[in-house]
Every structure is written in structure tokens, then in C-alpha cells.
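Here the structure comes first, spelled out in C-alpha cells, and everything after it is commentary.
Labels for the chains are A, B, C, D and E, by order of writing; each one numbers its residues from 1.
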Amino acid sequence: MMPIPRETQAQTPVLSCTDLRIEIGGNPVVDGTSLSIAAGETLALVGESGCGKSMTALGLIRLLPDAAHLSGGQISLQGERIDQLSERQMNRLRGNRLAMIFQEPVASLDPLMPVGRQIAEALSRSDTLTSAEVRTRVLDMLTRVGIDRPEIRARQYPFQLSGGMCQRVMIAMAMIRQPILLIADEPTTALDVTIQKQILELMGDLRRETGSAVLLITHDMGVVSESANRVAVMYAGRIVETGSVAQVFARPRHPYTAMLLRTIPRLDGPRKQALPAIAGAVPDIRDWPGGCRFHPRCPLATDHCRAKAPPLASVGASHETACWHHDRIATELT
Amino acid sequence: MTGSPRLRRWLPPRLWIFVAILAMMVLAALLAPLIAPQNPEAQNLLGRQRPPGTELRDITYLLGSDELGRDLLSRLIYGARVSLTVAALSVLVSGTIGTALGMIAAWLGGWIGTIIMRLVDIVLSVPAILLAIITVAILGPGFVNVIAVLAFTRWPRYARVAYGQTLGLMNLPYVRLSRFMGASTPRVLLRHILPNIIGPIMVVVTLEFGLMVLFEAGLSFLGLGVQPPMPSWGAILSTGRNYVTTAWWIAVFPGLFLFLLILSVNVLGDHVRDVVEGRR
Amino acid sequence: MSTPIVSVRELKVHFPIRSGIMGRVTDHVRAVDGVSFDLMPGRTVAIVGESGSGKSTTGYAVMGMQEPTEGQILIDGRDRARMSRSERMATMRRLQIVFQDPVSALNPRMSAADSIAEPLQIHGVGTARDRRIRVQKLLDLVGLPRSAGGKLPREFSGGQKQRIVIARALALDPQAVICDEAVSALDVSIQSQILNLFLDLQSELGLAYIFISHDLSVVRHIADDILVMRAGKVVEQGPTDDIFSTARHEYTRQLLAAVPRL
Amino acid sequence: MSRFLVRRLLQAVVSILGVMALIFFLQRLSGDPVLLLVSEGASQQAIDALRSNLGFDRPMLVQFADYMTDLARFDLGQSVVQQVPVAEIIKSRLPYTIWLAGAALLLALGIGAPLGVFMAMRRNHPLSKLGMGFVLAGQSLPTFWSGVILILLFAVTLGWLPTSGARAAESVILPAFCLSLLSMATFARVTRTAVLDELSKPYIRAARAKGLSLGQTVRRHALRNSAIPVISIAALEIANLLSGAVIVETVFAWPGLGQLTIQSIAARDFPIVQAIVLLGAVVSILLNLAADLLYSAVDPRIRLEGRT
Amino acid sequence: MRLVTRTLFAALFAATTTLAGPLAALADADRLVIDLVDEPTSLDPHLQWNPDSYYVYRNIFDNLLTRDDEGEIIPQIATEWEQVSDTETVFTIRDDVTFHDGSPLTAEDVVYSVKRITDPEFGSPQLSQFESITNAEVLEDGRVKLTTATGYPALFAQLVKLSIVPKAIVEEMGREAFNRAPIGSGPYKFDSWQRGVEVGLVRNDDYWGDAGPFPAAVFRAVPDASTRVANLTSGASDLVVGMDPDLAAQLEASDGVSPVSALTERVAYLSVNRNKPGLDDPRLRKAIAHAIDRELLVEGLLGGFDNPVGQMLTPAHVGWIEGLEGVPYDPDAARALIAEVGEPATRPFSFATSPVFDQRIVQALQQMLGEVGLTVNIEMTDMATYLQKSQSPPEQAPDLGFGRWSCACQDADGVLYPLLHSSSSWSRVRDDDLDVLLESARSEMDPDRRQELYGQIHEWIAEEVPQVPLYQAAIIYGASDNLEWSPTPNESLFLNRMGWSE
């Protein structure tokens, strides 16, 4: 677990969003999410499938699928509103100050274009670089992401590279213009554990070198604990708990976080015993429950929970939770 | 109206007009004997090519009379019957044969599969017209044989789709498992494969339906369609085109109906495709 | 002691690589290259490894869905290669499989009850009425409401679909179930439910599992014995506790080190 | 790749032989041309003399063996009706068909494909609905009918274009347009589907995340990737265009193979029909081959790994 | 994508450059442009028998004899002739005729032409028109003697169709080359043949007779009638063939063009198969004849261009009996006869036809037969199948059939013998007495006696109804109003008999 770099805490956040709302066909998928990321820090946005974490990321970079649209909230990049920018202005921002990498590295590269050219594409749009300069920078970037023999690799097609290698290429593509924020959407989910470790380490190294902030979207609590400074836990379109990784993991203040942490088999836990499971299933977008959205699965739920959604409230230094009963968690759920 | 939003989702209102056109045509075809004002084959050689609205011997020719003095409206109503039946039956026959052969070819593979798919290539590589003429020459002419000709020349399209789709499905775990557990071939094909390829097949069906109406018209143009005096839209149109400047109605009305029919089928077919391929 | 339900002896599965105009076989992919293990009744053997290690192919070979190139697979001590067709059919009832992706494991056009009853139908077990009752019982067993039977797969969540798949696997009262990454595609909160279900079924029905997974924490939780595979070969094999406490092989240690700790 | 091609070619040769045999016997089951050739009232002796002169009195298998022997020597035989070598007739007609089908394909692809791309990018734009309406309408008219209307409008009334024939270069415009209507909607549809498919793939989003605009992304990435389905449809559509040419060529008196086909079948000019079938089969095989080669030109996975 | 279009462009460019030849415009105001249905199948006058070839090659070749615009047989290559005996005729050959290559036309060429076309090995489709000629020879005085097997009064009518080919050239060039670039002695020389497109002729300025006003003529193949009409009305062609009365009405309505028509020697008829159940009853056949209203067909449907006939001939034929009305239209009589026949008349009768024929007439006939209570099903097949069915043994042939017969000889023998004699495959009649009549009429050299014999045959037809004669068919052309020309019954397009008006 990384400590939060102290000197950046007071500054304007690199990226912040308040009350972000995203709808698909009239149904909210992201329902009033607020986040802020400081320079040089890694914020993990964690949650199960369908909780809206990927939509949040796509909303921030304004690349939502056709069916979805931003229906409210503000997004600021270094204090500057970007949610109202035109498509053209966003194009200038993307790849430059904001970059993103995705879950399936092989599918995220154009199968018909050599990878070197795809990296160069990120570079060649605005800058007045000669082709030789472009080439040098591409090869240099490939080296920095740990690819051997970059001259040869640059000429190869995605299908000739392994998944891990493709993710390195994606990272090179994203980092080549030294963005101030990298959004990584499940960057290691499709990879083997040993490769996952390498990629996470690479991302950490690059973050330290460049000082970029990282928004890491993941469902894997292990990944969060190993590579993030802060964590925001999402459930059914809302952030239910946020705080430093150390605080949240040591003392979760939301029943969902608490139960999620207990339900995962651990390398040091008991074997062949029933895991403390969370009952029920993640609700479908179309029928999210009223009140606190976790209440149907929550052992602490009361009528109050069913009637009224709890706001995100501070429970300690930069630790917030959205639960009416956060004080009961330590005693009743751990 | 609880079903309404669901209906709107499956069939947006802008398409209702096409459904209405199709429904009217199908209805006209079904009810032809009830709604046709005249006998479609009754000629009046002294009342040929009269413009729409002509009244003659107590008969009003609403859409005019044709080159033999027959009531064009009645012929068009009965023509709907012929054109739609020919198209529907030929699509049904070729669709069934093609789908079955395609599934079997994919499922059995080996030399049977090769033979079937080479047969597909063969039939596809011979010009359809050539097969049609030769088939008519051998089978003799007529309504049933037109359907046979169309079915004979069109089944490979279904076979190709069914083949490709079946190959894709064959390796899905549930199919492999069922097969592995000892399910018989007919069981797997009918229970697991067919219900899951019917969507793409339906896309071909809608496209082919429009094409079959056109094909029948083309055969009529070449003199190989349904036998006179049986009216099909294609047959009326192909004689009517000789009178475009002197008796425009003989060609314009069947042309319009044919156009509306195929257009509706095409538009709805496109929609079916979008729904099947999950693009909406 | 009793005989193993499944006994794998020096299993090899090679896939030919063809090349040249005549399609001559020039080489083989050694997908599985000499694997041996025993599965005792009521026990769980896990096969772990990264993608391409041959763990799934091993599972298919045990199941009989993949012909071995070499080696033997003994079911209740009898070599499957020498069985008659009807004997093979009978062994089929004793081994079942649960796939990784519950979506492609279910026919989207078949109701849950029909899917569950399919193995019974194919094997001609019972009357239609018997089968209906059996399906109800199976739904109870995997923790689905009885009303679920009439629904189509798309009406279920991922976890529920996996329960249907498990119910289908249990329809013929197998002694062993091969779980091929059976919880990998599920959400964290659902994964634990399904793992619990597996454990419950094991204690209730005395099932044995061959548990194929890449997730070491899951494997540690559920397995009695572990095979670590890499590139078709078993690099390390032994009781779960031994593997996790004193891994001998370098690759096992690498794998363990790569697992993110909570 | 090469193994695959060789196998395909071998199978193709067998298919062609199958087609040839099928057509050979089917045709002869449908009678011979002798009665069409003789004058009305010709005596039986005269009919028999002509039949024997043309060789139709021999057993069918002998005729077939002879035909195949000639074919093996690349001799397509003589036209029964015109009494000139078939090769010569085909040679004089083929360029017209290539010209017509080529122009029609260019029109269909040139209008249909960009329309499809536009429809994929701007699904709800009024122009894309208008465009689709136009091509669907074009596909919904029988060519023998739209052909007459085109002639009456552009040649007779407006006098802009020649009515028929192949006398001047602009003669091709009307028939090619008429023929292209058959395929235009198909191209628009397939292109739209292909581009939409590509647009939904992860690499498009990744390209957008690099800062490429939608237009740039489509131009640089989606188009090339959606080429494969369009190419395979193009191969099929060329075959369809050749079939459609039968009617269009008749209406516009275009001296291509389509017209020749229908005339030769009607005249039972067997050697010409056989030659056209052979040509058609060879063309469809060449088209498939060309499509395969184009795939590999477009797709490095096929080019470098021989995946198919 | 771009790659695809680029490749296509390249391919098309290549195609265009190779096509520059055929597509090059040959704009020329001095040409007469005639739209035929199809291109000639062959221009060797001995190798084909179809109108589209005939229209063209008759302008390239001279024949032994020809017909004037009134239909009288007049000299062409033969200046005069002498009937030496019933079976021998001697022709004097014109001595001022040269072929297009400059070589003179001699009696040798005439004899060669006769022998060529009558040689069964040669395989001429016209063989049967000339098979009665057993010998041809050059006499010492340079005249040509033709010998026939028996007396053959129709000989001259047949010789009108015998084109004279140059012996030396044909033998030198060979059959195939001659077919491709024929050389004759006629008013027009063969110039070019673009397969599938057009045949170009140029005027033979050395022609011994009147070569006509057009320096060049083009015969184009335009299969679709509507397109031919469009060509004519837009001025792209000057003369088009194959019009029907409805298209003629269209031409009437357009400026600058008109229909031009002539009654031909083609007789339209409904054939009735006497060998089929029901139809073997003469009363039913008679009823069928009574059911047909020829006047209505001609006036109502055919626009009055054609001429109703009551005998199986036309006034243009030798053997036509003026005033013979045949079976009259009498639907009541027809119904009465059908009632008498009873049950055998109730079965459906098949009616064979082919797209070549005017379908409106076939349908009108079906309607007329329907009105007297018969059930008739039309069976349309392509021409080859239709002919094959008609030629099959009488018991298997269709019940009814529509036909339009032309012998191109304007002689009763060319119509009645093949349609009625039991030896002919075109006939479904097997009647010994009739055979005797037909045979004597065929060889009877006395015109009056011959006419009498044909009168008896007409009566037999009216009584037995193997066919119901319908009408003398008109041929309708579309012509530019600038063109001056009167068509003749023998359906020829002689360019040297046409001219520009003004």
C-alpha cells in the first residue's frame, strides 16, 4: 500500500467530478458520483460488474457508447470544466492530457495496423514532428514500457504479440504524450497473474517517473490493495465508500465493502469452509432498489435504509461512507 | 396498453405503415374472391385499354382495363394472391431445404458435407436464369413449377447461412455437451442448432421474399412465369410495359404495388436484421 | 482403500501442426504432456496454471471429450479406451462438467427446466413426470426457486445461470464433476456463493471435483490436492497445504508471489 | 494458405466438371435445336439430315465424351446456329459484359458503400434515411420495368442519353445504372453493418482515446477493417450482376453475354450455353480467389499466418 | 476499402481501353438504321432459315428469281426460263452480273448453289424447300437446267429463295470464313459484323440493277420491342421490325413515325388434335370451329391490320379459293354440339403455345372456347419445347395449339401438304383419301385442275376441322416518316426498294 504523496494533497485535483450522472435509455447507470484525483496518486474505483465503474471512466473521458449520455454533473480537469467542451476540443484533450487503456489489450489495437504506427498516431496529430523524430519517440517509448527489440516489435501486428505485450503497447500509446491523468479500465483482468504483476509494476514505475495521476478501474480487491493510494467503492451506480486504501481495508465503514472483503478467499484464511457470502445478486440497472441500494442484501438494513438513501458522509480523515449504520459495522460484520 | 412500449421497441411506429401495406396486400390476396369487383379473367375485346374510371356495360373499371379488356383492379387483387403465394412458397421450400442441408453439411462434415457445399457452389455458379429455363423446359410450365424453379435455384443461399451459423454453434459448450452426452443428431439439430440459427435464416428469408417476387416477375418477362391468363403482378407488369405511353395504367399500377410490396418487405427485413443482430 | 473414481496415467494430448501444400503433419503442439493423478471419491483435485498450460485440455480428456494421444484414463479402475460403447455411456453418467462461461453453456432458446432435464431425456431416465419432479429437486438443491424452471437463460443473472449449469451436471447423479474455471467469470460476491454451493454439494452428495482454475486463492480454499501445470507438464503436485506452505518448484513460487495480497 | 488454395482449386475443377455434365445432359433432355433451325413444313428426311449433320443423332454419352475431349484441347466447339467457333462469339461479347457489369459494380459500390459508411456513422441523420430509402426503392423495381422508364425519361423525352445499344461510351450509363440498382442497397447494407460492427469493437474506443476524431477513426481504422465482409459480398454480387445482366442487356439491347445466354438457351445452341456456364463457373471461382487474395492483402493475419 | 476501389478502377480502365474499338462512334448521317429483333445467325444464305438473317442477306445476294412488290414472280439472275417437260426447266442466266470481288457470276455458280443447298451432307436448314430438285446442270449453250423428281408447280415459288453464291470464292474461303464475310452479287456489300450488335452493309455501286439511295445500312439487334419503339421515336433508328397492333397504336401517337404494315402469306390457325379423347369426335372439333369469332379477334384485338380467313391459306397463296367462308362463328351451334358430345367434352384441354406468339390471341381464343363451355388450359413453353411437343406422335401431342404458318412460297402445297399429309411430322392427320388429294395437287401442272383439287381439300378441312383457320397475319413495321417504302407479303426488307421521302 502506497502512502499518499504529501506535497500534492493541497493542490487543485488533476481531475474531479461532482454529481456525475449517466443514463442509458432513461435508466441511470451512474447516479451522482463524485470523485477527485490528485497529481501522482492512484485512485482505484472498485466494484462488481454493472455497478457503473466503467461508465464513469468513459463518461470522464467523454467516450460513452451511443446509447449512453451524460445527464448531469460537472467534470473538471485541473480546475477547468471539460463536460461542456465540444467534440473537437475533447479530441485535443484526449491522448494529450487525458489518456486511457482498456481491459482487452489485443482487441484494443487495430488488428490491421503495425503497432508502431498505432503508437505514432497518438503523437503525430498535433505536433510538428518529422517522421524520424516520431520514430525515435515511438521506439523510445516502447523501450520504456519494457519491450525488447522495439524496432522489430514496432513493425509487428497485434496478433503477433502476446496479451501482456499488447498491454505494454497500449500503455506506450497512452503515455507517449505524458498525460496528466491515465484512466486504466481493468487493465489486467484478461492477463495471467504473473503478467498482471508486471503490468501493475510498470504502471507504478511510469506514474512515479511522470507524476501522472492514475484512475484504476478494477473489480479485484487484491489489485487495489497492491497498487492504489485511495479507493472508491461503487455499488449500483453510486459510490458507497471512499478513503485511503489503508483505512478502508483495515476498517471498512460500509457493509458492502466489509462483506466484500470477507467473502474473498484469502491465501492466509481457513480452507474448505463456507465463505461468508453476500446473499442475493447485484441488481439489474432497470430495477435498482429505492433508498440505500444495498439494503436488500444488507444484514444491517432497517426501514430507514429502505426509505432513504444515505449520503456520502465523512467518518474520518478523507474517509467517507454512505451508510446510516456505519458505526455498527465494526462490531456486527467483522 | 401495457404491450404498447414493448411493441414500440420491437416495431417502431415509423415502420407501421409498411406493416399496414403488407397486411393489406396479404388481406387482398386472401379475400380476393370476395373483394375483386370482376372476374379477373373475363375479357372484353371491345373494351380494351380503357383508362381508369371508364364505365362500360354496367362495369366500372376503377383502375382501367388491360390489353384484353379485363378489369385491371380485379386482376391486381388476384395477382397479389399469385405473387405472394409464389414468393411465400418458394421461400418456404428453398428455406427448408437449404437450412436442412446447410445444417447437415456442417454437422456431418466429411465427404457428405463437402458434397453438399460443392453442390451449393455449383448451383450458385450457374446463372439462375439458365437453370430456370432448362427446368421449365423439362418440368413443363406452370404455377407449381415456377415455385420449384425458384426453390431449386435459391436454396444454396440458406444452406450457406445455415452452414456458417451451425459451424459457429457446434463448438459452443452446450452443443458439445449435449452431443457428448449421447444426444442423437436430429435432437441436437432440432433442439439446439435450429432454434438458434432461425434468426439469421429469417434475415435471409425476408431478403429473399422480395427477391422472389422480383424473380417471378423476371420469369414472366421472359415468358416462363405462371401460365396465362393467371394474373401475377410480374406478368401484368411485363405485358403492361409495352403500353407505357398509350395505356400507362396497365404498367403503373402493378409496378407501384410491386414496388410497395418489395419496399415494405425490404424495410421490414432490414429491421428484422437489426433486431436479430442486436443493433437496436 | 477404495479405488479412485478417476485415475489418469501419463496422459498426453498432442495436436498436429500441418504445413505445406499436402498438409503433412510437421510437428505437434504438446498441449498435455505426461500428466498423472488420482481422484478419490469425495475429494477435490485442483489443476492450476496460466493460460495455455494444458489444464483445460486435461479436463476434457478426463471427461472423454478429447481423445488422448497417449496414456490411460481409468474410470473406477477400468481403462476407458477398452470400454464398449454402452459402458462408455454409463461412465458418462458418473462424470459431469461445468464450464467457465454459463452463458454459452446454456441453450438460449431452452428453458432452465428443459436444460436441466436434457441429460435425463438423452439417457431415457424416468417418465416425463419423474423428470419434472427431479428437476424441481435439483432446483432446490442448487438454491434456485422452483418457479425458475420455466424461464429462459437470459432472464437469469450470471450466478443463477451457473446454478442451472450445476443442476444440469447433477441431474444424472454423478460421482465426480469437472469444474473448468467454473467461478472465474462470476462477480466476487457471487463467486463465494457458488464456491459455498460446491462445498455443500460435496458434503451432502459426496461428490468429487476436478477443479480447474488459474486463481490460487480459490484453489487453496477448495482443493485437497493440487497439480501445478505449465506448458503441458506438471511442475509440482501434492496436498494443498504443502504446496502453499513449502512450494518446491520455482514456477509455483512465482505464481504465489504474483497473487495480489489483500 | 497455398495448401488451402490448391485444395479449393481442385474442388473447383471438380465442381466445374459437375456443372458442365449437369448442364450438358439437362439441356439435351430439353430437346435439340433442329426443329428451330429448319423451315416450317420441312420433311422428315430434311430434319433427319440436319440432325445427323449436327451430330445430335448420336448417343448422348458419345456426344458428351466428344465434347469433353474437345474441351480438354481448349476447343469450345462451334455454334450450332451461327456455325462459327464459340470462342469467337464469346470473345466478341465478353468485353461488353465486363464493361457493363464493371460499371454497374462501380456505381453500386461507389454509391452504396459510402452511403453505408455514412449510415453507420450518422444513424439518425435524415440524409442517411433518405439515402437508404433511395437504394431500397431502387432495389424494389424489376429491371425490365425501371429500364423502360429510364429509357423513356432520359433517352426519349430528355434526349440526354442513347436509347439502347453500345454505340457510344455513354450508352453504358443507363443500363449500368439500371443494373447497379440491384446491388446498391446490398452494398449499403453490408457496409453499414460491417462499419457498425467495427465501430463497436474495443480498438475503435482505444483509437478515440488517443484523440482521433470519429471521422479520423473511421477513415484510418474502421474502413479497412470492414473491408472483408464488403469484399466477400462484392464477389457474390458480381455473380448476381452477371445474372441480372440477362434482363438488363435484353432491355437495353446491350450486346453482352447476358443477352447471348437467353438467346442461346432459346435457340438450344448448346455449345454456347456450355461455354457461358463454363465461363460463369470459372469467373465465380476466380472471384472467390480474388476475394481470398484481397483478404490477405487487407488482413496481415491471413497474409502472415495463413488463417482463413 | 480504398484498395478495393483502386483495384476496381484499374480493372475498369483496362476494360475501357480495350473497348475503345467497339464503342467508337460511327456517326454517319447517310446510313439507314434498321432495328431487328436479333442479329443474323449466319450470313451464308444456305445455312439458316430465320427472318433476322433473311432480312440482311437478301440484300447481299441475288436470287435466281424474285417477286415484285405485287408478289408476281419476276426475273433476277435468270432472265427467262423455259419449261422443257413436267420435270425439267431451263433458265437463261444474266451475263452482266459480277460478285462484290469483281468476278463474274456464271451458270456454274448457279448450278453450284443449287447443288450446295440440296446436298444432305451440307445440312442446310432449307433443304426441304429444294429437295424436289434432283439435278442441276449447265447446258452447252450456257443455260442452266433444273430437274425435279416429279412435276412440281411450286418450283418457281421456291426458287425465289435460292441465293446464288460464288463457287470459286466459297470453295477457297471455306464455309466458316464465308459465313463471317459473305460475298454476293446483290445491291449491298457486306461491310462489318460486330457480334451481338450490328451488321453493316455498304452500297454496291457496281450493281447491275438499281442499288437504291442509301450509301450504307446498319441492321442492329434490339430484342425488346419497347426499346425498338423508343429507338425509333427518339430518331436512333429509321425502321424497326416486330411491332404488334398495340405498339402500332403507340407509333401512331408519336410524331415523325408511323406503323407500316402489309398482309403476309402467313396464316394463323388453331390446331385441333383429332387423336385425343373427346377431340376424336368430329362434332366437338366442329364446335370448336363454331366457337371462334375471327372478326372479333381481328377487329377487337388486332386493330384491323389482319384479315380473317375461313380456309388454311391466304389470298396471297396459289390455291386460295375466293369466296370460301369455312365454318362460321356460331356459339349456339357450338354449345349444341358440345351438349351432344356430352361427357368427353368436359375434360380440360391443353392448349400449347410459346412466348413467340401473341399471347393476347391465345388468351382470347381460350376465352372464346370457355364461353361455349369448354375448359382450356394454356401451356406456354419456350419455342424449342413447343415445337418438340407439336412434333411428338399425335397421341402425345397437345390437344390444341396455336400456330402461324408461312412456307415463304405463297403456294398451297407449302401449307397444306406438311400440315395434313400423313407422311409429315408436322401433321396430325392420318387419312389416305386426303393423302391422295394432297399428292395429286402437289404435282398437278394444270393450274385450273390444281385449284379444283385444293378446293376439295379446303372442304375436307371445313368438315373434319384438323385446324381452325383464323386470319391472314399482317406484318407491322415501325418506320420514320422520312422513309418511303411499301412492305410486301413475303416479309422481305429490300433496301434498294426503299427511299427517303422529299
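Quick notes
Keep this in mind: a contact is a pair of C-beta atoms (placed from the backbone, for glycine too) under 8 Å apart; a residue touches a chain by one contact, two chains touch by 3 or more.
As the structure is a computational prediction, the values presented were derived from the model and not from experiment.
The minimal number of chain-to-chain contact steps leading from subunit A to subunit D is 1. Common neighbours of subunit C and subunit D, listed by label, are A, B. For the interfaces D-E and B-E, the C-beta contact count is higher for D-E. With centres defined by CA atoms alone, the chain at the far end from subunit A is E. Averaged C-alpha coordinates put the centre of subunit B at 22 Å from the centre of subunit D. Subunit C has its Cα centroid 49 Å from the Cα centroid of subunit B.
The centroid of the Cα atoms in subunit C and the matching centroid in subunit E are 84 Å apart.
The centroid of the Cα atoms in subunit A and the matching centroid in subunit B are 53 Å apart.
Multi-chain contact residues of subunit B, defined as those touching 2 or more other chains: 133, 137, 222, 241, 244-245. In subunit A, no residue reaches two or more other chains under the touch definition.
The multi-chain contact residues of subunit E, meaning those touching 2 or more other chains, are 226, 382, 384-385.
Interface residues of subunit A, counted against subunit C in their complex, comprise 48-49, 192-194, 196-197, 200, 219-223, 225-226, 249, 259-261, 263-267, 269, 271-279, 281-282, 284. Against subunit C, the residues of subunit B that register as touching in their complex are 172-178, 180-183, 187, 191-192, 195-196. If you check the complex, the residues on subunit A that touch subunit D are 58, 61, 63, 66, 87-88, 91-96, 99-104, 107-113, 118, 121-122, 125, 157, 159-160, 170, 173-174.
Within the complex, the subunit D residues that touch subunit B are 11-12, 14-16, 18-19, 22-23, 26-27, 29-31, 132, 136-137, 139-145, 148-149, 152, 185, 189, 193, 196, 239, 242-243, 246-247, 261-262, 265-266, 273, 276-277, 280-281, 284-285. Those residues of subunit D lying in contact with subunit A across their complex are 123, 201-203, 205-214, 220-221, 224-225, 298-301, 304-305.
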